[in-house]
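Below you'll find the structure I mean.
Chain lettering (A, B, C and D) follows the sequence in which the chains are written, and residue indices restart at 1 in each chain.
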Amino acid sequence: MKKVAIVGASGYSGEELVRLLLAHPHAELAAVTSRQYAGQTLAQVFPRYASHPRAKALRFSEPVADVLAKQADIVFLALPHGVAAEYAGPLLQAGCVVIDLSADFRVKSATVYKEFYAHDHPAPDLLAKAVYGLPEIYREQIRKASLVASPGCYPTSILVPVIPLLKAGLIKETGIIADSLSGVSGAGRKAELDYLFVECNESVRPYGVPKHRHLSEIEQELSLAAGTKVTIQFTPHLIPVNRGILTTLYLAPAEHFTDANGAAKLGEKIAACYRASYGDEPFVRLLEGKTLPDTKNVVGTNVIEIAWRLDPRTGRLIVMSAEDNLVKGASGQAVQSMNILCGWPETAGLI
Amino acid sequence: MKKVAIVGASGYSGEELVRLLLAHPHAELAAVTSRQYAGQTLAQVFPRYASHPRAKALRFSEPVADVLAKQADIVFLALPHGVAAEYAGPLLQAGCVVIDLSADFRVKSATVYKEFYAHDHPAPDLLAKAVYGLPEIYREQIRKASLVASPGCYPTSILVPVIPLLKAGLIKETGIIADSLSGVSGAGRKAELDYLFVECNESVRPYGVPKHRHLSEIEQELSLAAGTKVTIQFTPHLIPVNRGILTTLYLAPAEHFTDANGAAKLGEKIAACYRASYGDEPFVRLLEGKTLPDTKNVVGTNVIEIAWRLDPRTGRLIVMSAEDNLVKGASGQAVQSMNILCGWPETAGLI
Amino acid sequence: MKKVAIVGASGYSGEELVRLLLAHPHAELAAVTSRQYAGQTLAQVFPRYASHPRAKALRFSEPVADVLAKQADIVFLALPHGVAAEYAGPLLQAGCVVIDLSADFRVKSATVYKEFYAHDHPAPDLLAKAVYGLPEIYREQIRKASLVASPGCYPTSILVPVIPLLKAGLIKETGIIADSLSGVSGAGRKAELDYLFVECNESVRPYGVPKHRHLSEIEQELSLAAGTKVTIQFTPHLIPVNRGILTTLYLAPAEHFTDANGAAKLGEKIAACYRASYGDEPFVRLLEGKTLPDTKNVVGTNVIEIAWRLDPRTGRLIVMSAEDNLVKGASGQAVQSMNILCGWPETAGLI
Amino acid sequence: MKKVAIVGASGYSGEELVRLLLAHPHAELAAVTSRQYAGQTLAQVFPRYASHPRAKALRFSEPVADVLAKQADIVFLALPHGVAAEYAGPLLQAGCVVIDLSADFRVKSATVYKEFYAHDHPAPDLLAKAVYGLPEIYREQIRKASLVASPGCYPTSILVPVIPLLKAGLIKETGIIADSLSGVSGAGRKAELDYLFVECNESVRPYGVPKHRHLSEIEQELSLAAGTKVTIQFTPHLIPVNRGILTTLYLAPAEHFTDANGAAKLGEKIAACYRASYGDEPFVRLLEGKTLPDTKNVVGTNVIEIAWRLDPRTGRLIVMSAEDNLVKGASGQAVQSMNILCGWPETAGLI
């Protein structure tokens, strides 16, 4: 058993980490922090978990790095970008493993960070230390990491389906379009008019067009996979569900095809590529037959579903993915990284 | 006052026609048909309209073309494709104006119809007579029509924003992608498991990938606008709202641009094109400033909202539209055509 | 045409008043106020109404009683309780008619007001002037009123079905229970965590148990109808819909019955009572046959639906009502009062 | 490890049983039946569970009692009432333990069954054998049972909070009112128009007023607790959530109270009664302080939340409960009974 702490445990990602870590077979939730709820028990703040004995005993505390370092071996940071980095340094120095769910250590370049997040990077010296926490791509690096930059929800839904195709040279690195639909929890637990029930229910809307912050990490990782700079089009939309991201990707196959025969031949290569990449992955579900991704089949789980279709009319490859933005897109993936780091079964506490 | 009838008034489009026609200042709802509800009053089948005096008096009847032709000057067909065409012939011959909300007369070629709808066209001789009922494009033709093929919900959300750009030569006719999100009423009032509340709520899913039936009319109309054959990529998704379609269009400008300056110059042309095309249209709302389309702002109205953004990073034009699939995407547009046809104010009964 | 103004036009009731008054045949929307949005046009704040020519011209202003009195003949106050009363005095003195949607003038006793609203009444001298704006009960008084206290959403859903039964002596005045379910717009457009989409969606909860503020006006009006002090049980619940209130009332008939025969005899009296009271009311829909109220059949309309059942097993009368909390429960009812006051058709602008 | 089977595994309760039994530490899911899906794997029918190895191997079969008896030690019947009883007899005779989620064995009297279910009881001789599977009340009887009649969703939400109060004589057995709100999954996975997304979303409605079938088992169990015949008022409502039941109970305390002091004294007795009854129950959560039940805090769990308030204005006791209709209200409770029956920890596979 290792002791774990969550800094910023009162947002939606933090709440989901609480759920996962209370039930984890090898981790003991030793501390949770929240400026807003300091002094209250987990059971008071999250009645949902009140039946768990630990939830009645554990009280939220103020986030103080020194204190946390004594309480926990592993610290999850579920804080806004800019703030997370302030905690990472002291915690690392005190010997903790840090798994950061913010954007602070995902982008390797402080310049790119500033371009997309509009302020100087708060701890540029730590950037080289950070491992991008996408287990399906960086499992070996995560195993040895002390600072994991857990990926964003949109990036996960795009990178998992696209990276193998880019690496295998099956698609062109130009012209990639990602059209994503996200549940409202993706906006965080923020008391803003835009996210009121009445403003979101019976509403669908794009936002952040055309330059969303997540593009920085998406393009970085796609570029690494392609071996050349990749620029993509990305449009996020807000839809009235609590959880879930559905991403539809428009890709140009490297190989030209114009009919069903061509599609069948190319299809075999794509299927083989996905099978080779993800056939044994516990949290990637390659859909077969006529099944298409549906967020309701992944919500509450750490699974990402992937399906694809070749269109002989346009010569394009359409890939679709579905995930729970708070699990595979955030807290579940962070726990998956912890499992790898600690040498536990990768699925511990996740199924 | 003209007498109007609705054949197939118990589906969602039919129900919406009932709402619009009960309140129309120049039309009198003379007959509604439904095999399922024949004998019952409008008030019994649709309690929502029960406070309208006409709703208590008017009873659903069996759909019989001869009888309808005596009851009404204008007949709306809100029937499944294949069935609608059977009624159009006799009604036209009896001197009625027919406004068909099905797909039967939208595609000009019986061959294309068969390719997409998987059965022979039931009345190919009438195809030449039909006018595609998109008022913003075919207003003059509608004025003289006796058979109006009212457009589909997805096509409206795509054609209104794209046609002016194609006609003006501002975008390439290749590589067009339309990513659409539709409320569940788009699937019709059908007792199928897929559309149960529990199956749709907290769910988002693509469907009909990659060859949806609406492609036939979309590509026909885009080709006419472009003066050359246009093939597009189209992905519909089902989202948990009752009404509304949000379409995001990925377009390639004819003019290359790579920075903010280039975008500004091209932007002026696009803005001018839209203003010239739609500045005086009562039902097209060109959004300004930072506002993006949101289905909640058009639901229950005959308005289609349009906004666009140029992305200097990718050189692409993103156009977004929002409409109510049952109003501008179906019944409202059909009433708009009726208004034009009859020489009434185009907005009569629609605002 | 009379000139009307809305003070506090940016909340949900205010927004609904905007909708109704923009389309009203006899009223001209001359002014809208909002501290938050002062300077912006209606079209900017409510894109939904942007297609209306008036919405592009009319700008929100700061709420100043003197200025408003010059701009409008009739002023609607859509403000929080306590604040509304400050505007009523000066506006009345300047000769305006005031229709107040807050609770400030609904309760006739300043003592009861203080008990339920926890602060002194801000204008107790005006209380005697105010007419409770429930047209089905106080039509004649509204006709001559200069200050209308428009009823709350829950009270409307309870008073309309219960008052005729009390007046006719058909039910006991003791033991009344009202169990109400309200859509989230009832909580107002407030940026609070409790009303975020994620907190309301897939959630149902009672609140304000057992002493909700609306009890003060409900019991006042029931007592007046019964001719004796009535105390009721009232439990509101929050449910995940934008609009709509469904109230289920548990009542004790004055007459004992224990079987179907007894129920049939008593049922005739109840039916006759409702028919006599509401048979000619344009906005009360008495449901017949097996139909029960459903909020979806009244949303967007000024109608309240009523159905009732006698239960021979328990000897109780169950009455159920459905209304749109923002229309019949707020802004529609306020417009209905304006219509009466001004001598216009009572349904003007409401159907 | 015991082998278990689910007959009728394709409805919502069946699907939830699949979820719980796939993850159960002591049970092995050996067979699932469904006429509709016979031949398909669990993974094909429920993509949600497709990542579980067993879901790829296990195929739905036709329901044949003899075959099931060889495959499983324990058989769950998730079938409509009337049908379930046909399987119970042969399975019991073959030595299986049967846990029935239908209504067939909940009512002890075949006459009452016929009154409420409108057909003769299909296996009246088995009624005496059945134990009503409410663990908090009948734990000892369940331990020795071979036929468990697992309670309905509404009954659970009413019986758990009311029985201790009746047994302790703290409330009168007359005048009990239960007002319940249920998510749409309670209607089952049935392709009926009433349960389509568009018909349920943005809709709230009562139904089955005033004599719902569940009254038969509710009144039976309340009568047993009270030691005298109890007749209650029960009104179910359909609300637009997938899962969850919220019940508000209006009760008359045996002891008269008229002020805060009286309420405080009586409140101590009620609190003590609930603590004594449920203080150690793993699945009953007695809410403290200002917290009221909220379905979102119990959905997906086997917990029922209870809170109560005394109202000195009316002298009434209001008790509110929340549960997941498919877990504590159906499949979770059935698994809880299995755990008790088999001598496993009662919470096995349920937290």
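By our rule, contacts are C-beta pairs under 8 Å (C-beta built on N, C-alpha and C of every residue); 3 or more make two chains touch, one makes a residue touch a chain.
What you see is a predicted model; the values in this text were computed from it and never measured.
**Student:** What are the chains that chain B and chain D both touch?
**Tutor:** Joint contacts, listed by label: A, C.
**Student:** Based on mean C-alpha positions, I'd like to know which chain lies farthest from chain C.
**Tutor:** A
**Student:** Quick check: more C-beta contact pairs in A-C or A-B?
**Tutor:** Comparing A-C with A-B, the pair joined by more C-beta contacts is A-B.
**Student:** How many angstrom lie between the centres of chain A and chain B, each centre taken as the mean Cα position?
**Tutor:** 38
**Student:** Nearest whole angstrom, what separates the Cα centre of chain A from the Cα centre of chain D?
**Tutor:** 37
**Student:** If you average the Cα atoms of chain A and of chain C to get two centres, how far apart are those centres in Å?
**Tutor:** 46
**Student:** Could you list which residues of chain B touch at least two other chains?
**Tutor:** Those would be 199, 201-202, 240-242, 294, 296.
**Student:** Quick one: in the complex, what on chain B touches chain A?
**Tutor:** Within the complex, chain B contacts chain A at residues 177, 179, 181, 199, 201-207, 209-211, 231-233, 235, 237, 239-244, 246, 248, 250, 292-296, 299, 309-311, 313-314, 316, 318, 320, 322.
**Student:** Along chain C, where are the residues that touch chain A in the complex?
**Tutor:** Where chain C meets chain A, its residues are 12, 183-185, 189-193, 195-202, 240-242.
**Student:** So in the complex, the part of chain B that touches chain C is made up of which residues?
**Tutor:** 23, 44, 47-48, 50-52, 202, 282-283, 285, 287, 289, 291, 294, 296-298, 300-301, 303, 305, 351
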